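Below are two complexes that have subunit A in common, paired first with subunit B and then with subunit C.
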Partner chain A sequence: MNILEQLLTEAMQIALTALAAPLFVGWVRMLKCWSQGRRAPGILQPYRNLLKLFSKDILLAENASWVFRATPYVVFGTILMAGSVIPVISSELPLSASADIIALVALFGIARFFTALAGMDVGTSFGGMGSSREMMIASLAEPAVLMTAFTVSLFSHSTSLSVIVKYVQGLSFFLSPSMAFVFFAFILIMLAETGRVPVDNPVTHLELTMIHEGMILEYSGRHLALMEWAGMMKLFVFSSLGIALFSPWGIASDVAGVPFALLLVALKLTAIGVIVVLIETGMAKMRIFRVPEFLGTAFLLATLGMLSHFMLE
Partner chain B sequence: MSAPALTTLGVSHTEIILTSVCALLLCGFLAPFFHNREKFFTSLFFPVIALASFVSFAASFLAVGSGLTENYLISAGLPGLPFHVRLDPLSGFFITVVSLLSFFVSIYSVGYVKTFIGRQPISVIAVFYPLFIAGMIMTLLANDAFFFLMGWEVMAISSYFLVLYEDRNPKNRRAALLYVVMAHVGALSILLSFAVMAGLGGVGQETFQGYTFDAMRSASHTPFWAGVAFLLAFVGFGAKAGVVPLHVWLPEAHPAAPSNVSALMSGAMLKTAVYGILRVTFDILHVSQLWWGELVLIVGLLSAIMGVLYAIVENDLKRLLAYSSVENIGIILVGMGLAMIFYFFHMPLLSALAVTAALYHALNHAMFKGLLFMGAGSVLHATNERNMENMGGLIHKMKWTSAIFLAGALSISALPPFNGFVSEWLTFQAFLMSPSLTSQRLNLLIPLGAALLALTAVLSASAFVKAFGVSFLGQARSKHCAEAHESPWSMRIGMLLPAVVCLLLGVFPSSVINWMSSTSSLLVGETIAKSASGFGWAWLTPVAAQRASYSAPMLLLGIISVLVIVFITLHARKNAIHRVPPWDCGYGGLTPRMQYNSTSFAMPSRLIFGFFFRLKETVKTDLFHKRSPAFPGKMKYSLRVRDRFWGLLYMPVIDAVFRMGKLTAKLQHGRIHIYLAYSFATVIILLLMVL
Partner chain C sequence: MTHGISIQLNNFLAAFILLTSFALLAQRRIYGLLVIFAWQGFFLSLSSAIVAYTADIRHLYVSAALTLLLKVIVLPYILYALINKLNIFREVEPLVNIPTTMLIGVALVIFSYHLTAPVRELSTLFTRTTLAVALSTVLLGFLMMITRKKAVTQVIGFLAMENGLFFAATSATYGMPLVVELGVALDILIAALIFGIFIFQIRTTFDTLDLTEMEKLKEDS
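== the complex of A and B ==
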């Protein structure tokens, strides 16, 4: 591909992350409404919410510092950056070389670090509680994330996402025991990292159960819009990561393949939405101190994946 | 990259560094004569030390860049054993680290030491501070065991007096005692290790020549004695580096010292111990057995995880930083352990990758830990407070300090684009290369180590969210924190410079790896410099671009451009910002005491990892109406967290020493004829043995 085509795919990748994320979340919410026997507000509702928030004035707590005001921009920037390195429509993504899977996890780390600081900035109990719990969940999820990355890189001899995508695409039949273990570990991690049931509930404002909502409780106006949008992109980015690692078929290697790739990505995301909603509807939110067991299971699965690669394959 | 060596100008790098060491020693000796002009003296004295450190930094930096090795003899010292001095890329690298940090800390000290004037005579700092720096550089330059131990002792003793500086606090006196005991247990172990290596060098006992590092290097050691020498050296240097379980002195002594000295102790002094381990295992003993690497790796992982867990539950800002030093030394050891394992299996490129990760982390840790200790010093200076439970809201009063401390916190939490991420990323890459080892056992176990390191990395981020969040954000929890003030300019500059270095080290890693390639060649005979920048300066590709790549400039540029675009787009339309009180659920009356504090922030970690600590938690309720819990009054919660190792490992030793002391005391009667009888018996026994 020449430079122009590369830039074009990159621009499309970034635009896809930013613009399709609310749509994906709208789809998930709609499914959830249906599964709970409620009427859905329509798949476009997240866009309307964002637009409304962008046009509102900001109520800023008296003692909020610059950290609080800078955080929405930093979080939005890092998550969008994370979205721009995952090769989900084309494996020839120029920015993909600037961060491998470990650096990608670190990008989420920046967003989490600043969100947690913003939670503590105003000095209310909810914010601090959310920050403390968020950091705990993150630290328990991290070993499982690394083990997953480790096992995936055992196959492809690389941590670079483009190389992994190309390697997995090259396999005609891809169902090994280790990949199956890692896939289940990844689902558990994804639920924890994106703050879904059973770890956190994205729709609750019930004070004792909220984690992510607790940290962003003081935000309003465009700050809140950016935080919400970044949260949607995070779910989208994790889903794309799942597609890139476990089901990369159809990801284009040139510009001509991009429209078809887009179609396939849309189909896969639709399916992922169904899976997420099935899990969320079938489970209740668990007590916060059950989360270590949940994430311990994820770690165990990923470790089993690694071991079975060494032993069986 | 090869920097222009000064040798082309006819100047020896070693001589320049030795000149600055002499200048530092001279500063130390002259200091007592100025005891009645303290203010003037401080403004003159610390810039001179900063200058000397900078000169030493420049010379060693250029020496490492050009990869040269210089041997030098100072005709002083023992008869038959002049001081052997050697500047090679390994010592040059560590001299660069130590003198760069000393340069920053000395600028900071101009303002910081002034705060002691009027409260306490500053001559103790003025004498021992330059001696401390000189001692570290002497240790690094030494090429024989005597000169090495001399530098080592100068470093240990001068830092002992610095730890003891605020001696009115009984805790500090206890910390200093513990420090000096551990330092000498370590020194004894190092001495024995040198003795083993020299005694088996084949030069013979008649001359002192066996004690030069050159002789030790060329000697052939039997596997058993090489193992003994390694173990002794690892215990000795490990005690200095504060590896678990020899770490208990570190969180006592580092916080007790004045903050500029804490910065040097954590940032620089620990690195001399890292240097010692590298020098002995790679350069002198050539890593001849597999278990060395395994031991270093396991001890490193243990230190990393224990260090960070204790850091999380700590409420004292400086003690938190000290425990985090234990963690970071652990990460450095992990890299070294991997390097040793790869080296044993003759994989020079992978070994170079791991050793570069370890060296890079040593450099990074010096910068960000120095910076963070200086930041804690500024807070201490402004609020007279080390306990985070009484801080809060300092970001409004100390804008510079808080921004700089945040940069340090981001670096130490291994977040891009700062430097901590680069070295942790390299360490992870080294871990990911372990499947190419031929040992099945290691293949299965090493990935678990990587998972443990990942856990450490996020727990450390958690500890620093707590440290920054509780002390700088929120509302002030005490009156003196509400009235805090910013530090003087010299302190701000002293902190700002290492923050800039942290960012540069994070954004331009391939240039730094190029610069230190000579060090890795000296240690493992290979370097990753060529492959690391094979994709261009902006990309870091440690093995090959296909394997893994990371580009901090790209990420930074990307994030900043998104930030700017979003900011401009959103500010095109003017939405008003109204300042309102925070949301109080409609009850009203939020007080600063309702905030999450340090203890509550750490509660989840304490609950999950509770078995690592010795916790004593008590809740006491005052009852209004006697005997009726239905009407509770004030509740009191107290928590004590103690190091498990203290009770497990140290108390038994201390008790045993006292028991032995009591036993030997039975020999003492204070009557002269009994002592004469002892001497008589001794002479008889000796005669019997000789005859």
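== the complex of A and C ==
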């Protein structure tokens, strides 16, 4: 693959992450509406929301510091960076070599760190509350994420996502208990990290239980648009991470295979949306003090996955 | 190739048995416990059927069928009836909090992995890798008996332990002889019935199923 083709694939990957994320979120919201017997807004509604927010003025609090103003760009940038290293349409992703799965976790960490800082920056009580909750969840979710990452990289003897994808693609009959455990752990982590229902509710504003919405409550205009967009991309990035780790079939290895890979990714994302909504509809939001148990379960599953890799394989 | 697939399937089921053991430790509701226990029995019976098919051992089919009948249908039903009769709907009360129990459980799994290492080296059976899981299932059932206050949950812990023993027999030696297997099955059935009566008696005598109450049986000194 020459340099031009590499650049082309990378550009497509970045464009996919940035542009398809609102579409994916629109699909999830649409399904959610249907599952609750409501009429859904069009699948393009997230784009319209973003456009509206981009065209509005920014209203800054008087005591907002540079942290508050810089955070939307930092968060958007890190999540986009995370999306650009996950080989979801082609396993020959040039940027994939620059960040492995552990660096990916660190990227999410940076985004979260800045979001939490921005939540506290203006000094409203909701922001501080959201930040402290977010940090509690993060401190519990990160060990589980890392354990999952380690277990997956134990298989392919590499932490690089490209190598993992190629390794899993090369297996003929693949029924591995540790992968199953890690898969379930990953679903739990994904729900927690992207702020979906059992942990956080993405649709509530001004509720005492909010976490992510609490932190970005003071944002408006362009800043809010970037934060929301980053949130959508985070869901998309986690879904594509799931695709890359657990169902990498069809991910192309050259430019010619990319259109077919795109089609498969679209199908897989459609299915992931259905799964996410089924989980969300079937569960009630947890009390915040139950969240440690929820994430403890994720950690336990990931640990069991690692153990059964040694024990059973 | 079929051999390779059955090894993978068996390992997969072993992993699920391990998972259900942990789920038993994590579950707070008694009905939930019963459902998980039934699932564990189901995976167990499926695993023995696979071993029977792969190693071509007839009597293991009988064991698998017995497991399916007893541990998936009869025992959960008896316990269900018992729970309904006793009106126990409250949550399970663990002595040690659940995350700690889980961590102890992980330690037990590592312990049993090391304990079974010599057996794994010597054995030539294709099920040898699942022995560690079997031993951890026994230990986790044991842990459940230790960390729960209520008699019914302790009984479920005991039955989970027996599941582990059965699984250990299958993975270490392709199952016990049929006579022994039948004897054990009958034992378990009788045990469950006796437990039922016993628990009922505890309830009528002490007005509770909390076994810490039984410490009051001591004479005052």
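As a convention for this text, the second predicted complex is superposed on the first by the 312 of 313 C-alpha atoms of A that agree within 3 Å, B and C clash if a C-alpha of one lies under 4 Å from a C-alpha of the other, contacts with A are read in each partner's own complex, and residues count from 1 in each chain.
Here is the rule we go by: a contact is a pair of C-beta atoms (placed from the backbone, for glycine too) under 8 Å apart; a residue touches a chain by one contact, two chains touch by 3 or more.
These figures come from a predicted structure and were not determined experimentally.
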item	value
Subunit A: partner with more touched residues, subunit B or subunit C	B
Touched partner set for A:V165, first subunit B, second subunit C, both or neither	neither
Subunit B versus subunit C as contact partner of A:S178, first or second or both or neither	second
Partner chain in contact with A:I211 - subunit B first, subunit C second, else both or neither	neither
Touching partner for A:G109 - first (subunit B), second (subunit C), both, neither	first
Touching partner for A:E293 - first (subunit B), second (subunit C), both, neither	second
First, second, both or neither for A:S153, with subunit B first and subunit C second	first
Subunit B versus subunit C as contact partner of A:T303, first or second or both or neither	both
Which superposed partner A:A138 touches (first subunit B, second subunit C, both, neither)	first
Footprint overlap on subunit A, where subunit B in one structure and subunit C in the other make contact	292, 303, 307, 310
Residue numbers on subunit A that touch subunit B, as the complex places them	54-63, 65-67, 73-74, 76-78, 80-81, 84, 95, 97-100, 102-103, 106-107, 109-110, 112-113, 116-117, 119-125, 127-129, 131-133, 135-136, 138-140, 142-147, 150, 153-154, 157-160, 163, 207, 217-218, 221-222, 226, 288-289, 292, 299, 303, 306-307, 310
Residue numbers on subunit A that touch subunit C, as the complex places them	173, 175-178, 180-181, 292-293, 296-297, 300-301, 303-304, 307-308, 310-313
In the complex with subunit A, residue positions of subunit B that touch it	392-393, 395-396, 406, 410, 413-416, 421, 425, 428-429, 431-432, 435, 440, 443-444, 447-448, 450-455, 457-459, 461-462, 465-466, 468-470, 473-475, 535, 539, 545-551, 554-555, 558-560, 562-563, 566-567, 570, 573, 575-585, 590, 592, 594-597, 600-605, 607-608
Touching residues (chain side subunit C, partner subunit A) in the complex	4-5, 8-9, 11-12, 14-16, 18-19, 22, 26, 98-99, 102, 105-106, 109-110, 113, 129-130, 132-133
